[in-house]
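Labels run A, B, C and D following the written order; every chain starts at residue 1.
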Amino acid sequence: MKILMTGFDAFGGETINPSWLSVQRVCHECTDGLHLIGACLPTEFSASLATLQQLIETHRPDLVIAVGQAGGRSAISLERVAINIDDARIPDNAGWQPIDEPIHPAGDAAYFSTLPIKAIVHALRSEGIPAEVSNSAGTYVCNHVFYGLMHLCRHIPGMRAGFVHIPYLPEQAAKLPGTPSMAMEIMVRALTLIVRTALDTKTDAHLSGGTEC
Amino acid sequence: MKILMTGFDAFGGETINPSWLSVQRVCHECTDGLHLIGACLPTEFSASLATLQQLIETHRPDLVIAVGQAGGRSAISLERVAINIDDARIPDNAGWQPIDEPIHPAGDAAYFSTLPIKAIVHALRSEGIPAEVSNSAGTYVCNHVFYGLMHLCRHIPGMRAGFVHIPYLPEQAAKLPGTPSMAMEIMVRALTLIVRTALDTKTDAHLSGGTEC
Amino acid sequence: MKILMTGFDAFGGETINPSWLSVQRVCHECTDGLHLIGACLPTEFSASLATLQQLIETHRPDLVIAVGQAGGRSAISLERVAINIDDARIPDNAGWQPIDEPIHPAGDAAYFSTLPIKAIVHALRSEGIPAEVSNSAGTYVCNHVFYGLMHLCRHIPGMRAGFVHIPYLPEQAAKLPGTPSMAMEIMVRALTLIVRTALDTKTDAHLSGGTEC
Amino acid sequence: MKILMTGFDAFGGETINPSWLSVQRVCHECTDGLHLIGACLPTEFSASLATLQQLIETHRPDLVIAVGQAGGRSAISLERVAINIDDARIPDNAGWQPIDEPIHPAGDAAYFSTLPIKAIVHALRSEGIPAEVSNSAGTYVCNHVFYGLMHLCRHIPGMRAGFVHIPYLPEQAAKLPGTPSMAMEIMVRALTLIVRTALDTKTDAHLSGGTEC
C-alpha cells in the first residue's frame, strides 16, 4: 500500500504551516511497514492542483490524504465534502483571488470524501485526541485541492482520498489571543492514526451521529 | 411573481421555532404588491419534503425561500450549498434519525442555491442587519429540505430557490447562557429584504469575498 | 425616588454607542412615576468620573445605574465587582492609555455592586431577555467609572449603584462578522426592567448559582 | 528560594485534573537548583484552604503558585485578582455549594496577585505558548483558594503568590466537541517558565496593555 500525504506552505501572513510541518514528521517517524510519501503543495489555486496531479501520476498511491491548516478550530477536522467553488477571502500566495468561480465548470457540484471519516473520528477520540466531522472545507485553496483531488479519483479506480484540517500550532496561537491550538506531537499522532484507520477500514463504520442543524 | 416561503415547527426540546414565526409575520405584513404564500413544514425528514413538494405543485411559485433555525449562530445565514446526505445528531419530530444516508441515492452530490446570496448579504448589511454566506446547512432536516427543494427545481424551469438559516429568538437564548440571538423585528425585516433582493437581482452580484479557509 | 442612569459616547472606532442611545430612550419612554435622569459620560478615564461626580452632587440620586458597551457579549451583563486598576488596550477618547495604574492609589482593591444582580438576571430571563452575572467589567473606562462610582457611594448613605454592560447593536455587528448583537427595543426593555427590579428589591434574592470555574 | 506549587483533584464529572498532573510533572522534572514543593488541594471550599494554610506553615515558601483547571479556555491564564465571594454553579467535592457568600466576612473585597503577570505573559508568548492576563478567576473553589492565599500573604512578609488557570488536556476535550485544549508538555513548559520568570522579576514589567472593555 502506497500512501501520499500532502501539506501546504505558509499563507495569510503566517511564517509556518502546521500541515506541512506535521506531514513531514509523520513521513519521517512512522515508516514501519508503510510506504508513505510526503509532499508540500503551494498555497495557490492553480499550482496546488497541478502539483498534486503530478504527484499522483508519478507515485500512483492507493490512498491520498491532503492536510491543511484551519486556523481557529480546536480539533482535527475530517472533511466530509468538497464543493465546486472557489471564493477567496484573501489572495493566494500567487496573488490570485477568485470570487465565486467554479473549480471545474463542467464538474459535479460536490464530491464526498472516500475516507472512513466516522471511524477515524472514533479512533482519534478513543486515543484522547479532539476530532470532529466537518461539513465544510471552506472555499479557499484547501477546498480547491480537496475538490480537485476527488475529481481526479473518478479516473483512478481503487484510489481512496480525503482531506483533513488541523488547528494552529501553539506558537501561532500565542500571537492570536483567544485562539485554540494543538501541539505538534498530537497532530503527528493524529495523522498517523488517520492513515492506519483508513488502511484498516474499508467502509465507514457509522459509529456516531451527525453535526449541527 | 408568486413567492413560497416556508418555516419549520419546533424541534429539539424547543417550544417555538423562529423560522415559522417570522415567515408568518412576513406573509401578514409585507403584502404590498407581492404574492406571498407562507407554510410551515414539519421537522421530519420524510414529511417535510412531501409537504414542500405538494405546496410547489399546488402553487407553482416563481421563487421558494425555505427558512430554518440555526441555534447558536448570530447572523442571518444565506446557505450556499445543499449536500446529498442525512446525518442526524438527534431524532426528528417523527422519531427518525438517519445516519449517513443519501437523500436521493441517485441524486447529485450537492446543489447550489439559485438565490443571489452575495447580493442579499450585501443588502442586509447595508440595512444594518448581521448577515453572512454559510457553506454548510448541516446534515439535519434543514439541509434535507434544502437539497430536496433544489432537486425539485431541476424539473421546474424558471423557479429559483434557496435556504436561509436564522438565529434563536432572545426568549430562546434567555434559557441558554452565552448563546447569541436576534429579535423578531430584525428577522422580519431581513426576510422581507431577502425576498425583494431576490426579485430585483437576476444573477449574483459578486459583491464580496468568500469565507474561512 | 430619583434615578440617575448614564451611558457613554462612542469609542474604539465606532460611531455610535448603544449605552447612551438606549439610556436616552429609557429616559424618554418610561417616565410613569419614575424620576429618571439620563446623562452621557465621555469615554475618557479622567473626564468620565469628574462628570459622574458632578451629576451625583447636582441630582443626589437614590439609585445610579451606569451602562456601557461590551462588544462581543450576547447578553445583558450585570457586573458584580469593580477593581482598582486601569489597564487600557486602546487609548481613551482623550488619547490617554493607562497601563496597570490604580484608580485610587489608597482605595480598596475592589467594590461590589449594590444592585440586586441575581434578582435582576432572574427578572430579565423571566421576560425572555438574555442576561447574566459578569465577574469582570474589564479594566478600561467602564470599570474605571464603575469603581469610581462605588468609591463615591461610601460617603453617600443610602445611595445604591451598579454597572450594566450591553451588547453591540445589530448595525454595529453587521460590520463585524460572527459578532453577537441585541436589538435596541430589547435593550430598552431590559434597562427599564433593571430599574424597576432594583427599586423593588432591597437585598439580593440569591435566585441562582454562580459563574464559571 | 523555596517554591510551593499546588494543583487540584478532579471535579465536575472529570476523572483527571490537569492542574495537579502538570504540577506533579514540574516538581519531578525541573529540579535544577530550585526547591520546589508540589501539593494537591481537594476541590472543596473548606478543606482546600485549610490544606493550603497547613502547607504554608509547614514549608514557609518564598513563592506560592496555585494552579487550577479552567475548562473552555485556550490559553494559560495569569489571574490578576481574587474577589471575596463564593458563588458555586455546582457543588464542590464535599457536596457544598455556597451562593453569594463572602470568603472572609471582614476581609477586603479583593486582592491582586503579587506575581509579575505581565512579564510572565510576555515570557510565555515569547516561547510560543498561548498566554493571557485574566481579570476573573470565577467564584468557585479556584477563586476561593486564590483569595484565601492572598489573605494569608498579609501576615507573611516577603511571600509572593498568585493563581494560574490552565486549559483542559486533549483527552478531556476529546469528549467535549468544540472545546479547546492544551498538551501536557506545553503546560509543564509553561509552569516551569512561570516559576523562573517570577523568581527573576521583582516588579511587573508592564510589557503589554490590558484586556477587553
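Brief remarks on what is shown
By definition in this document, a residue touches a chain if its C-beta (ideal position, glycine included) is under 8 Å from a C-beta of that chain, and two chains touch if they have at least 3 such contacts.
Worth saying up front: this structure is predicted, and the values here are computed from it rather than measured.
At the interface between chain A and chain D, two copies of one sequence, more than half of the residue numbers in use appear on both sides, so the contact is built from largely the same positions. For the copy pair chain B and chain C, the superposing rotation over Cα atoms measures out at 180 degrees to the nearest 5. Taking each chain's centre as the mean of its CA atoms, A is the chain most distant from chain C. Chain centres here are Cα means. That of chain A falls 37 Å from that of chain D. If you average the Cα atoms of chain B and of chain D, the two centres end up 47 Å apart. Here the spacing of chain C and chain D, counted between their Cα centres, is 30 Å.
Multi-chain contact residues of chain D (touching two or more other chains): none found.
Interchain contacts close the chains into one ring where each touches exactly two others, per the touch definition above.
Remark: chain D residues 74-75, 124-125, 127-132, 169-171, 173-175, 177-183, 185-186 touch chain A in the complex.
Chain contact summary for the complex, chain B toward chain A: residues 68, 70, 72, 80-81, 83-90, 97, 99-100, 108-112, 118, 133, 135-140, 142-143, 165, 204, 206, 209-213.
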